[in-house]
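One chain, subunit A, links the two complexes that follow: it is found with subunit B in the first and with subunit C in the second.
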Partner chain A sequence: MSGNILSFLAGTIALAAIYAIYTLGFNLQFGYTDLANMGYVAFFAIGAYVSIILTYSPPGPMDAYRFGFNLPMWVGVIAAAPAAALFAFLTGLPTLKIIKADYFIAVTFAFAEIVRMVMQNEIWLTNGNFGFYGLSRPFKQFFSSYTYEFFFASLMVGSLIIAYLIMRRICNSPFGRMLKGIRENDMACQSLGKDIFRAKLKSYMIGAAFAGVAGSLYALYTTVIVPEMFVPSVTFVAWWAVMMGGKGNNKGAILGAFIFIFVDQLTIFTQASAAYATRLSSLRGFIMGVMLILILRFLPQGVLKEKKVVYDSKI
Partner chain B sequence: MMNFSILLQHITYGIVTGSILLLATIGFSMTYTIKGFFNIAHAELLTVGAYLTYLFYRIMGWNFIYSAILAIVLTTMIGFLIGKTLYEPMEKYGSLILVFTSIGVAFAMNGITEFIAGPIIKSYRMLPTKAIRVAGIPLVGEREVLIVVIAVLSSFFLHFLLTRTSIGKAFRAMASNTNLAMIRGINTTKITNFVWIYASAMAGLAGILLAMVTSLSTDLGWRQILIILAASILGGLGSIYGAMIGTILLGLVMDIGVIFLPTAYRPTIAFAVIIIMLIIKPNGIFGGK
Partner chain C sequence: MLEIKEICKNFGGLRAVDRCSLSVKERSITGLIGPNGAGKTTLFNVISGFLRKDGGEVWLEGEEVGNFQPYEIALKGMVRTFQTAAGFMHMTVMENMMIAPQSQEGERLGRVFFNRKNIQIQEKENRKKAEEILNFINLYQKRNEYVEDLASVEIKLLEVGRQMMTGAKIFLLDEPMSGVSPAFQGKMVKYIKDLRERIGLTFFIIEHNLGFIQEVSDAIYVMNNGQLLCYGTWGEITGNEKVIEAYLGGKK
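On to the complex of A and B.
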């Protein structure tokens, strides 16, 4: 029994690490650049699908999908980043010119839903609502199915550490400081000769690349990809985690994602019997919604506040 | 000739879709006009209204009209309470935080509805009505005609409210300039209360009508929110009359659009409207600038 709990815990940590990478990218877009992206799940979905199409076995005569390139798994994970960033570039060009946050929310929300509709209906590319099943997991052959859970969790936590270090480097670079400057006062930045639109587009694309990689790792975790996994509420996870952990704080984003997944998985784990399972799972939305309302009201800066950095004023 | 009858059918479907959408969008648009934020949880009130009617009509076995009226009253009370207790204290943080709060509210409402009602799709199980034929072409049932009549009547009622009553005039004053309205001694709290009440009542009504012609699922409202958003953007955000025209137009565009597009892509027409309008003409098709 305790073994079951341990392997459940390992699975939860792996999932939380994946969502933490996903939230890190969102934190760059929203926390650092104030891009209220309501369609963030689209990048996650594109990352997952691109990596699957690249690594899945080629279609047989009975299969509805047309492409499967059977490439190694790491190719899929790496390719997910530029694919999501490309989509961010294409959608960012027209939408990042929108100044009003409300309008940006509406447009990105609509984009993500269009992406999901395309995934549901373009069967030749995505296999429609059936999606892709039975994906293989990395280095599975070297482990027993019990120890593999722990190996996979450490692999995901390792990926998270790499993602965090990259993100920290980006945020502490002059580019990261410029993003904060744009967020605080875009007119002042413009007067210093900074190209605001270009900086926003870069931030949007880098954030998307993180979501893309997270999407490809998520595909390895679930071993199943269907369009239903990319509903708007997945964007809500990133929002929730950033608001909970602390906007503009990378450690906060990771903490927020871990809290979300642990609360979420706890409601699964405590399910007494199958009869109550569906009822209890609908309470998850309720719990998450109420928690978000409470954070916004009583802890608007999140658990870990953004650190104020004071630069040396001596010239 | 066959094409003409198909087109006529799709136009009538579009008017029915637009009529339900009109009732659903009015409240959303009013909230945006007065409170300045997209109330994502507005569509959940459709679900609440539809399910409360199901509770009274199917489970308790009451008369449908009484069930619907009681459901609308309760939905109105829920909407009013949420507005007062959850949104109004958050106004000081700005519209973005209000949008997040409303997303939280939407998830909470959706979760609690699903917890109580269960995930199984339900229906009012009303008998099918006779289709009305025009020149031999079967168009819509009597129930659909009733929906259009309700939408038209409620539009006239709202027009009457806005132009003839003091609260309606005060609403229009507040919509065009909140600060000026306050300085002139208009009771803005009263207007806000009116908006929460009217918006929630219309949402409840729209939910019941939608469930009458389709079925009840807990994502009934959630599926509509982007379409509601699209309709209010099409007509021009902040314009009540624009929103009314926007809903009928969007209903027509969506239902005529499926002649040319696969049916599965019907909602994407609304999503495309949001993207195109906000990038090119954010003030709506009638808006200036």
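On to the complex of A and C.
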């Protein structure tokens, strides 16, 4: 029994780490640059699909999909980043030029739905609603199925650490400072000579790249990818986690994602009987909502608020 | 230095700026006054690129910048402030200063990852400059406080400090005295004159506080109903019939 709990815990940590990478990218967009992305899940989906199409076995005569390139898994994970960033570029180009955020909000929301429609209907590319099943997981052959969970969790946590270090360097640089400036006052930023359109576009693309990588890792975690996994509510996991953990704080973003996944998985784990299970799972949204309201009431800046940049050392 | 010719700006049927031509000489402190709704801020918005003009030309040091983006105009050496004290509120005073220098190495992502040495050198230089300026405007003690916690006078001063960090040559100030206590007027005048003497900056200032404008500027433009009424020293414009009419109403 305790072994079961441990492996469940390992799986939860792996999932939380993946969502933490996902939330880190969103925090750059929203927490740092004030880009209210309502379709963030689109980049998660694009990352997942791109990496699968690149790594899945080529189609047999009975298969509906046309492409499967059978490339190594790491190629898929790495390719997910530029693929997602490319779509961010295409959607950001027309929307970020406009100072008013309304258009960006509407377009990102619509874009995510378009991506989902494409996944459902362009069967030659995505295999439609059947999606892709039985994906292989990295280094699986070296472990027993029990120990593999722990290995996979550490692999995901390792990826999260790398993602965090990259993000920290971006955020602590003058580039990150400029993004914060855009968030605080975009007009003042322009009047100092900052090309805020380019900066916003870069922030949007980097954030999308993080979601893309998270999506490709998510595919390795679930081993199944269907369009239904990328419904709009997944966007709001990132929103929830950033609000909960702390807007503009990378550690907060990670913390928020961990809280979300742990609460979420706990409602699954505590399912005793079937009747009780349905009740608990329908309560999930309620629990998340109440938690968010409480945090916004009592800690409006999130659990970890944005860190003050202090210049105190001698030059 | 700054020359605008026949600038027009319409909002629907309303002509907010009507064929305005004026020039601001190098190292001058030029005032722009006029009753509410005269079109002063609209003119500023057009000059600084925040609004598209409907006609005319803007020349900045021999270059037509009328169709430039706001940031491009700032990079050409003309920066502006806003009517309401604007700053990067949830950032510290020092961050506000450090963000201002133009075209920083560290704003380029390639450098952030592969050439941190240059960034650090530049950050050091900028910080030294920022500390000097903060000492000049008396905000050094507050360098690690959030701007949202400052008094509005301090935010106005910080705005000028940020502009100094950009290395720009011409400053457009939109109502530097609004929301600032009158007791502070003398100090603001001194800062502006000091900057002109020491670094050779040029100022173009909108202000409703006529006492301030009288004290600070060498020459003044008066605007009413979108048009420029006259130009001259304080003595000249206060004697002008049209100006008196604009401010006090015409004879019955």
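Basically, the second predicted complex is superposed on the first by the 302 of 315 C-alpha atoms of A that agree within 3 Å, B and C clash if a C-alpha of one lies under 4 Å from a C-alpha of the other, contacts with A are read in each partner's own complex, and residues count from 1 in each chain.
In this section, contacts are C-beta pairs under 8 Å (C-beta built on N, C-alpha and C of every residue); 3 or more make two chains touch, one makes a residue touch a chain.
It should be emphasised that the depicted structure is a prediction, and the values quoted were computed from it without experimental measurement.
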In the superposed arrangement, which partner chain does A:Ala110 touch: subunit B (first), subunit C (second), both, or neither? first
- prompt: Which partner does A:Tyr204 contact after superposing on A: first (subunit B), second (subunit C), both, neither?
  reply: neither
TODO: Give one of first, second, both or neither to describe whether A:Ala101 is in contact with subunit B, with subunit C, with both, or with none.
DONE: first
| message | Between subunit B and subunit C, whom does A:Leu296 touch in the aligned arrangement: first, second, both, or neither? | response | first
| said: Contacts for A:Arg284 in the overlay, against subunit B (first) and subunit C (second): which applies, first, second, both or neither? | reply: first
After superposition on chain A, the subunit A residues reached by both subunit B and subunit C are none
The subunit B residues in contact with subunit A across the complex are 37-38, 86, 89-90, 93, 95-97, 99-101, 103-112, 114-115, 118-119, 218, 226, 229-230, 233, 262, 264-265, 267-268, 270-272, 274-275, 278-279, 282
Residue set of subunit A touching subunit C in the complex reads 169-170, 173-175, 177-178, 180-181, 184-185, 187-196, 199, 202, 306, 308-312, 315
The residues of subunit C that touch subunit A in their complex are 48, 50, 69-71, 74-75, 79-82, 86-92, 94-95, 98-100, 102-109, 112-113, 119, 123-124, 127-128, 131, 143-144, 146, 162-163, 166, 168
So, in the complex, the side of subunit A touching subunit B is made of residues 36, 94-95, 97-98, 100-103, 105-107, 109-111, 113-114, 117, 120-121, 233, 236, 239, 243, 278-279, 282-293, 296-297, 300
